[in-house]
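Below: one structure in structure tokens.
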């Protein structure tokens, strides 16, 4: 029952939703509409789950005095302040929530991703080696695309780099990505069928 | 040989410093070399340029602060262009990290262009599970968005009274840094067959040329270059164009690093072998 | 040079520099900023969920307007209650005895998702892509036709490379080799674009520091 019921429900839902794609009957349309709404409603609760997990993880870390447990106070403090700013009416009226978003969340998130530019530069110098023909092809393609997509590369090469870059993007790149995409599409469909037929049960954690 | 050995073991913080200087100097002393426009960006521009006054388009802005630098200039350019064509815009944001940011950006351009909320533009906000939202908007936008971002019921917004589903939009543009683009193509375009153009980060751009080739999308704006191309075509805004010129210096620096790194590697490994 | 007097800008600049300090060495300022963003992001998500979903879907229709017609049609109220009940069941995973009940809503989500994916994935990612690979005979002899032919050859070779049920020897090996070359060009293009993307983000942050904070750029 604990294992069969979820597998049965998965099969029923997946089968009906697959069939409804091909059957334009009003009943199937209604099932389709209800499924969409259910997905969104249930999805809301599953996202709450993630936040509850985060909070409990950090509380546990503080209780057990795990490594760098002091920083968990900062995490939890940030969460509480943000929730208070977003839901507590007096703070809401003062725009505290938007202020924290613009001046705390925004700069830290943006800067974290911008660090990668430095690491790419470092990797370009220390790790990107043309050790084989295949690696050389990869590097050459990257160089042509990088120089062809910038105005200075266009000006210095009198349009040669952009022409090569555009050809690389629209011909071999399309071929490569299409081959990968067809593989991904077949993989997705077969994975979905495995889920439908109960062969894939990883969603039943602890099974 | 000693020089190349030293080069191979150079502290990476010097490389970081060179990268930082490669950005700082061109920012302080900007150069504006014109940006060449590619056909895939021009198709997006032409799509917006063909709008008639009163047409309604749907713009999905799916990005947060982490990719704002690339996608904000293109969003601004598209919004300005659409408003100047007399079109009305419905906005959604299907990623939670960008909801507040997108609202600020929408208001910035709407105020700049003198647009009135509810009559010229509407912001519907965020709902979870983008696939489900995209599918349900094909039936009725109100299924996922009974109220807008500010809590106003749909039918209280004058421009939304004539909008039910994708058939009432001239086309859809998704400016996204997430896999939401795949959902738009798979669940939106494939199921409901509306014209779809995309604006994506440069990381993602190379992956969507096959959809362009197959006709599943009309055009692609790829990263900051795409934004600069749109600004060039529109003749307004220059942030992306200036930043692209800074990008030029950085790209040449990285290519230089690749070449020097490989030379140093070749010389030192030959030396080690002998 | 007009340094900003806005405390928000100073806070943003300070946090930006805290993150950049990681480039020199891992340090306490970086860790503080890192942990702060995790907490603030989670709080932000929670508020968005409540304001953008719970309130419009449940609070306003059910308790403010008294409109139980969130899911239109006969039986809509019952379906809404079932959906909410299933959502609440997810939290049963925090209990020991009833944790298996959480599998039910997850099974339904997976089932619905799988049902949507099967036809649409095949249609979008396989059939449409194969259709686009068909060469128009009228293009033969033209540059467009030549490029289309190259695309088809590249796709076939790339797919052959991913076919691991047969050893890559002989003719299949040669075709797979062409496939890996094609794939490497695609990956090279992706890498070039990736470098471009990250640099754009860096430009954005340094522009903020020099323009909004220090006022060096006008």
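Going by the order they are written in, the chains are A, B and C; count residues from 1 in each one.
The rule is short, and it goes like this: a residue touches a chain if its C-beta (ideal position, glycine included) is under 8 Å from a C-beta of that chain, and two chains touch if they have at least 3 such contacts.
Keep in mind it's a predicted model, so treat the numbers as computed, not measured.
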Worksheet item: Counting C-beta pairs in contact, which comes out ahead: A-C or A-B?
Response: A-C
Response to the item:
By Cα centroid distance, the chain farthest from chain C is B
Response to the item:
Expressed in whole Å, how far the mean CA point of chain B lies from that of chain C is 14
Worksheet, complete the sentence: chain A to chain B, mean C-alpha position gap in Å, rounds to 16
Worksheet, complete the sentence: When centres are defined as mean Cα positions, the distance from chain A to chain C in whole Å is 3
Response to the item:
Touching two or more other chains in chain C are residues 23, 41, 44-45, 49, 53, 57, 70, 113, 116, 120-121, 124-125, 129, 132, 151, 186, 189, 192-196, 199, 201-202, 204-205
Worksheet item: For chain A, which residues are shared contacts with two or more other chains?
Response: 35, 37, 39-40, 43-44, 47, 97, 101-102, 105-107, 109-110, 112-114, 117-118, 120, 124, 139, 142-143, 145-146, 149, 169-170, 173-174, 177-178, 181
Worksheet item: At which residue positions does chain B touch at least two other chains?
Response: 16, 19-20, 66-69, 97, 100, 127-128, 131, 135, 206-207, 210, 213, 225, 247, 250-251, 254
Discussion item. Under the definition above, what is the set of chain C residues touching chain B in their complex?
Written reply: 23-24, 41, 44-45, 48-49, 52-53, 55-57, 60-61, 70, 113, 116, 120-121, 123-125, 128-129, 131-132, 151, 186, 189-190, 192-197, 199-207, 210, 216-217
Item to complete: Write out the stretch or stretches of chain B touching chain A in their complex.
Response: 8, 10, 12, 15-16, 18-20, 33-36, 38, 64-69, 97, 100-101, 104, 127-129, 131-133, 135-136, 139, 143-144, 206-207, 209-210, 213, 225, 244-245, 247-255, 257-258, 260-262, 265
Item to complete: Would you mind writing out the residues of chain C in touch with chain A in their complex?
Response: 8-9, 11-13, 15-16, 18-20, 22-23, 31-47, 49-51, 53-54, 57, 70-71, 73, 79-80, 83-84, 86-88, 90-91, 93-94, 99-100, 103-122, 124-126, 129-130, 132-133, 147, 150-155, 157-159, 161-162, 179-189, 191-196, 198-199, 201-202, 204-205, 208
Worksheet item: Which chain A residues qualify as touching chain B in the complex?
Response: 29, 32-33, 35-37, 39-40, 43-44, 47, 97-98, 101-102, 105-107, 109-110, 112-114, 117-118, 120-122, 124-130, 139, 142-143, 145-147, 149-155, 159, 162, 166, 169-170, 173-174, 177-178, 181
Fill in: Contacting residues of chain A [partner chain C, same complex]
2, 5-7, 9-18, 20-22, 30, 34-35, 37-49, 51-52, 54-55, 68, 71-72, 74-83, 85-87, 97, 99-118, 120, 124, 134-135, 137-146, 149, 165, 167-186, 188-189, 192-193, 195-196, 203-206
